[in-house]
Amino acid sequence: MADTTHIAKDERIGTESFVSRLMKRPELGAIAGAILVTLFFLFTADGAMFTLSGVMNFMTPAAQLGILAIGAALLMIGGEFDLSIGSMIAFAGLIFAACVVTLGLPLIIAIPATFALAALAGTLNGAIVLKTGLPSFIVTLAFLFILRGISLVGLKLATDGSTQLRGVRDAVEGDFLRPLFSGDAFPGLFAWGAQVGIVETFANGSPKVPGIPVEILWFIALTLAATWVLLRTPYGNWIFASGGDRAAASNSGVPVRRVKISLFVLTACCATLVAIITVLDAGSTDARRGFMKEFEAIIAAVIGGCLLTGGYGSAIGAFFGSIIFGMVVIGLSYTDFDQDWFQVFLGGMLLIAVLFNNYIRKRVTGER
Amino acid sequence: MADTTHIAKDERIGTESFVSRLMKRPELGAIAGAILVTLFFLFTADGAMFTLSGVMNFMTPAAQLGILAIGAALLMIGGEFDLSIGSMIAFAGLIFAACVVTLGLPLIIAIPATFALAALAGTLNGAIVLKTGLPSFIVTLAFLFILRGISLVGLKLATDGSTQLRGVRDAVEGDFLRPLFSGDAFPGLFAWGAQVGIVETFANGSPKVPGIPVEILWFIALTLAATWVLLRTPYGNWIFASGGDRAAASNSGVPVRRVKISLFVLTACCATLVAIITVLDAGSTDARRGFMKEFEAIIAAVIGGCLLTGGYGSAIGAFFGSIIFGMVVIGLSYTDFDQDWFQVFLGGMLLIAVLFNNYIRKRVTGER
Amino acid sequence: QNIVVVTHGQANDPFWSVVKNGVDKAAADTGATVEYRAPETFDMVAMSQLIDAAVNQEPDGLVVSIPDADALRPAIERAVAAGIPVISMNSGSDVSADFGALLHVGQDEFDAGRIAGEALAEMGGTTAICVNQEVGNVSLDLRCEGFTEGFGGTVEVVPTANDPAQVEATVTAALQSNPEIDTIMGLGAALVGEPSIAAVEAVGRAGEVMIGTFDLSPGFLEAVSAGTAAFGIDQQQYLQGYLPVVFLAMNANFGLVPGGNVPSGPNLVTQDEAAMVVELSAQGIR
Amino acid sequence: MTTAPIIGMTDVPPIIEMSDIEKHFGNIIALAGVSFDVRAGECHCLLGDNGAGKSTFIKTMSGVHKPTKGTIRVNGAPVTFGSPRDAMEAGIATVFQDLAMIPLMSVTRNFFMGREPTKGRGPFRRMDIKAANATCVAAMRSMGINLRGPDQAVGTLSGGERQTVAIARAVHFGAKVLILDEPTSALGVRQTSNVLATIDRVRKQGVGVVFITHNVRHAMAVGDRFTVLNRGRTLGTAARGDITAEALQDMMAGGQDMALLEGSLGGTV
Amino acid sequence: MTTAPIIGMTDVPPIIEMSDIEKHFGNIIALAGVSFDVRAGECHCLLGDNGAGKSTFIKTMSGVHKPTKGTIRVNGAPVTFGSPRDAMEAGIATVFQDLAMIPLMSVTRNFFMGREPTKGRGPFRRMDIKAANATCVAAMRSMGINLRGPDQAVGTLSGGERQTVAIARAVHFGAKVLILDEPTSALGVRQTSNVLATIDRVRKQGVGVVFITHNVRHAMAVGDRFTVLNRGRTLGTAARGDITAEALQDMMAGGQDMALLEGSLGGTV
């Protein structure tokens, strides 16, 4: 929240290094954590992890998680949770696949329709939370179960008894909107890169990395947009205020209800975006899509410095939080550690990353 | 927090019905929810659900969950979370089973040893949270992974590669402490009841209910003890204060650190108790034990009226929250609903229960 | 009649949804009232409570899977003691008779894994990964164990989560860091098999790495018939759901019961039959 | 002391008129029927003992509470405020006793919360942070507080600094009515006299001011009319000049005796 | 005004002596070297502009903040307070400016928080709620507040009621030193005179009182010595009788000019 514009000097202010000023921002701890994790893998993991293809490989799941985490982070800053986003992925995936495969709609209709339905679900979540004053934790938890259950039932209806709906890839073949939501961007660039030798190639000459997976671009774009909104728009100020102290914000004239409902809609739409991307990529959807993703998104946001109690956090923090999480989850496969230790490793790395981040911040800013 | 002792009458106080005074207590909403759910199943479920054996049947999982939920509720009132209790069940189960089966120790040594180790883990959780000032969510999340990972590795070590450790039942056969933690209490009473026809019997004449499962007794005892501590002891006051506002509590002389660490130890011990009971009952343990139980425990506590932000809640609320949850989960088996609809049903029931609870409370107390 | 089926597999698990379809078909064919119940996660404690709940309703027959004999023993024995005919299915063939079950329909996870391992070793595999999406789930762990024994070569168990993107990235990572790997064994077709195919393509080793998986999914079967994947193991779990219910209905009506266990699999679906099976798989029958 | 309208003021119609306001919280009766009005250009002091209901009353006036009974008229037309934002749009700015500040947010962001200045247009419309910072620092300085920087978190300000932010904000946005709930409680002497001078200034600009205080001398210094509440009821309204400081102080104490320390305080506390 | 010890007081050794206290928050310097002491039976007023550092200073005295530099002596022996509980055990009771109350808890539970009265023994040792309620209601009444009931949540009390709970609590438990940070800011006239009378009473019982206020008249009414802070430094200490109210007020304003409203306020704000 520090807008570093100093107006007058004051003898009551000691000198403060540039680093220390930077570290006061919530996201910069997460960057320290990300650097630590990167260093760790640089020393322990197979070199392949940090080749271009290796980076794309761990960035793809990180980006899918990150899109959710950005939404979750904004909602958390606004003082609420949404535990239904994982189920929303399955639900939106079902709706989208059903639109495309069962109803045969083109993407230009199917995608807005899916988003509209997701927005409706988000509004419902938000409206119940605000109307009743119940904690969003418990309300969205109910929707976690309900949406996942509906996805299962819906899938069975749409497929006559299977839990997997497929054929999406064929159905959208050649649709002009497809490259926006699926596959790799800038293939020409990478093909050229392969020719001139910047991009590694397979034996047959095709580039090892055919392009940048679109989810990574979405992830970056969303992070930038969310950061802009949070730090540079009135709406961003309202998000911080609503989460910081709901009564105080509302007494100061912030339209808290509108802000919170729009945030619920945003998280639902983030989940839908992930659903569309994964369904198009996989060509199918099933009832288990997005399982536990709500928690991973919250984890990423918290690693990135968001407070669970609301009112504090950043989108860039969530960005790096997702990357840390994605890197740790995939990174173990590049190391020689016994895979049985996977969870110990995951937990240990998470702990070390946040401890380090915390330690650095305290050291630098002189807090006690 | 209302200690209903009125000292002087005042013209500024309107009349307030007894019901309305009752409903101000956090737990009484949960009771309303429990009644609603009971009514629902009375109408939709097989009559067997509310026979003696049916009640014992859904109370057993409710009690196992409830023991955790009481611990989680106290910790939540104290302002912290422990996401590692699910994994703690697996971990403590492994330690306990290893003590009993691999090392062949008697219960009188194995049980205290398991509790001691769990208390140590709880202390570690608490110490890290307090020392670093990191949110307990993220610290205990790391332990969620670490403990589960260690359980997996430990199980493989203890069993030469399997993830299931068996043979506990044989190992503790005849141990004098066993009836305290396993099986059914008062078998004589129930056998007599079966003879005189109070207790239903199977065709072969054995009573349908051989006794009260010990976990139910533990559950009730814990609820009473926790309620006493919360409402009638200085320590209870400190719990509320630590969770309500940490800085204010500490400034008023509450030993916040000690309170919080002891609460982390308590939740770890609750998890251990569940682990010992289930391992003895099942005769085996595996690496998946307690999976997701941390969330169920938090859900039960929240249904029971605990605030996620701390400082408010009750043990009796968590008691009824667990019963609601247990009843809904098992209740479906007694109805004709298709299993595919299970999650929709579970989510819907949860939502209806909390909405109803909330509605009743507002109606009765006249809050707006 | 009233028959209850209690298993350890969730209704949204692709494998178990086929079992449930078999159960539903049997219910329709026999006219019996059949209820399918399963805990929300792999949870033996919860499963034994579901069995207790079933026994309390005194059904005319009970079908159970037995992934943990110790944990489920008291509940099953209580059912038998209460005079309810019990048939075990899927897992637990070794203890089924001890517990007093009439018979067992199914195939052991360990055996299925062993057969898959033998098949892949025969096809020339030397270094394999066994991709497990739910480490700690004993029935899945057993598949990997069996596979390790049957395969004979080096096998590493790779843990992942219930997320195709993550599975793909993890398998890619494993392939990138260890070029020796020439065999991938997945424990689920849609969740692990299909992303593994994508991963192999991503590292440019399509055709060099053999991919086998438990269970079937249409997408995977298409890959099998196209030759990019080796085989899917079909336990014919539709039968595991269908047969016990039919047997119990027969038993309740006429007192008829088969004289021995029914092995439902394993059945390797390879390139030749894959194309035929795709449609059935899409309908949740195989 | 009388509730009849004061001669010379009747020609100015009230901006806000509250009649017979009651407010219950469950079984607690906070207001048992209070009437009150503010006219343009006057400072109407609301006085009373602790717990008399002053804050509850002005919260109904600024849209935070819905009154259990009673009507609110703005410029003669009955209104119901659904939220504080509604009241703000009707031109009412309030300094709440609890200040309504977000501790983790910077001074500037708190100052402009809900009414952020923007520049640019369309998707590039953004907060004008430079202008906001400058306005905020200037407003604070004019109240007698030199901020270290406009980006300090409000949670780390001293009590008086924080209160000054709330007052400066309300004054900055107060259009027709300015409600001040004990605005000087945490202020230093210099800041207090600044606030009193500010009240005087905005009153002269035609804004109606509602001023709550426990300090009789402050009330007497700027008040045009005085209404005293006691235990949720109004004890009556008096115009300036119709009542002495001592009499007012007695009424504020709810008619109960005060501890014997008055000698050294010179009559008024 | 001088920092030399005052004749007639030197024979009483200070209970607490703070020397050269500095306190930095990151790069913010809140205290730049402040010395201060309190003796038994005196009321030492700590005065100063908003943001001068008064609250920060007394927080180091009551164990909330660790000083960045400087020493604290209690009865001549250097101490470091690890937590407010340590300071309490040394006999120091504090009313913080933010009151340190838990809004969701009842008045009684807040009153006794950290020092609950118990009855029974062993596992049956429990809070004596009846006695606690009675004590609490009586203590509040003696401060001039009639509670509706001791089980009302503190969050629903009025500002003054809440402040009174904090004062009554500190007075009840204050053993050797009582620190009051702007205790009368939200109080009504009756409650204020009660608090001033209370300060007078406990002082006579031999308790050392540290009294922070912005009201010169309150300070002059009960203070024995006056220390003024300005921008994190001390401007000096004066004994009662050595300084006039007007001079004190000028120093409190940090030497800066005040808005011109003084006439109607009779010299002191």
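Each chain carries a letter (A, B, C, D and E) given by its place in the written order, and its residues are counted from 1.
We adopt the following convention: a residue touches a chain if its C-beta (ideal position, glycine included) is under 8 Å from a C-beta of that chain, and two chains touch if they have at least 3 such contacts.
Computed from a predicted model, the values in this text were never measured in an experiment.
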Spelling it out: a chain qualifies if it touches chain A and also touches chain C; which chains qualify?
B
From chain B, what is the lowest number of touch steps before chain C is reached?
1
Averaging each chain's C-alpha atoms to get its centre, pick out the one most distant from chain A.
E
Taking each chain's centre as the mean of its CA atoms, the one lying farthest from the centre of chain B is chain D
Just list the two chains that share the greatest number of C-beta contact pairs.
D-E
Could you tell me the distance, in whole angstrom, between the mean C-alpha positions of chain A and chain E?
49
Whole-Å separation of chain centres (CA-atom averages), chain A against chain D:
44
For chain C paired with chain E, centre-to-centre distance based on mean C-alpha positions, whole Å
72
Interface hub residues of chain E, defined as touching at least two other chains
25, 28, 98, 148
Note the residues in chain B that touch 2 or more other chains, in rising order.
12-13, 148, 152, 340, 342-343
Can you tell me which residues of chain C touch two or more of the remaining chains?
11, 135
Using the touch definition up top, name the residues of chain E that touch chain D in the complex.
25, 28, 48-56, 97-98, 144-145, 148, 152, 156-161, 164, 182, 185-194, 196-197, 200, 214-218, 220-222, 249, 252-254, 256-262, 264-266, 268-269
In the complex, go through chain D and note every residue touching chain A.
62, 64, 83-85, 88, 94, 96, 98-106, 108-110, 112-116, 118, 125-127, 129-130, 133-134, 137, 146-151, 153, 169
Chain C contacts chain A in the complex at 11-14, 17, 21, 135, 156-159, 161-166, 168-170, 172-174, 176-178, 190-191, 194-195, 202-204, 217-219, 281-285
For a test of understanding, state which residues of chain A touch chain D in their complex under the given definition.
1-8, 10, 12-13, 228, 232-234, 236-238, 240-241, 244-245, 247-255, 311-312
Over in the complex, which chain A residues touch chain C? Could you list them?
45-46, 48-49, 53-54, 57-58, 60-61, 64, 148, 151-152, 156, 159-164, 166, 202-204, 206, 208, 278, 281-284, 286-293, 329-331, 333-335, 339-340, 342-343
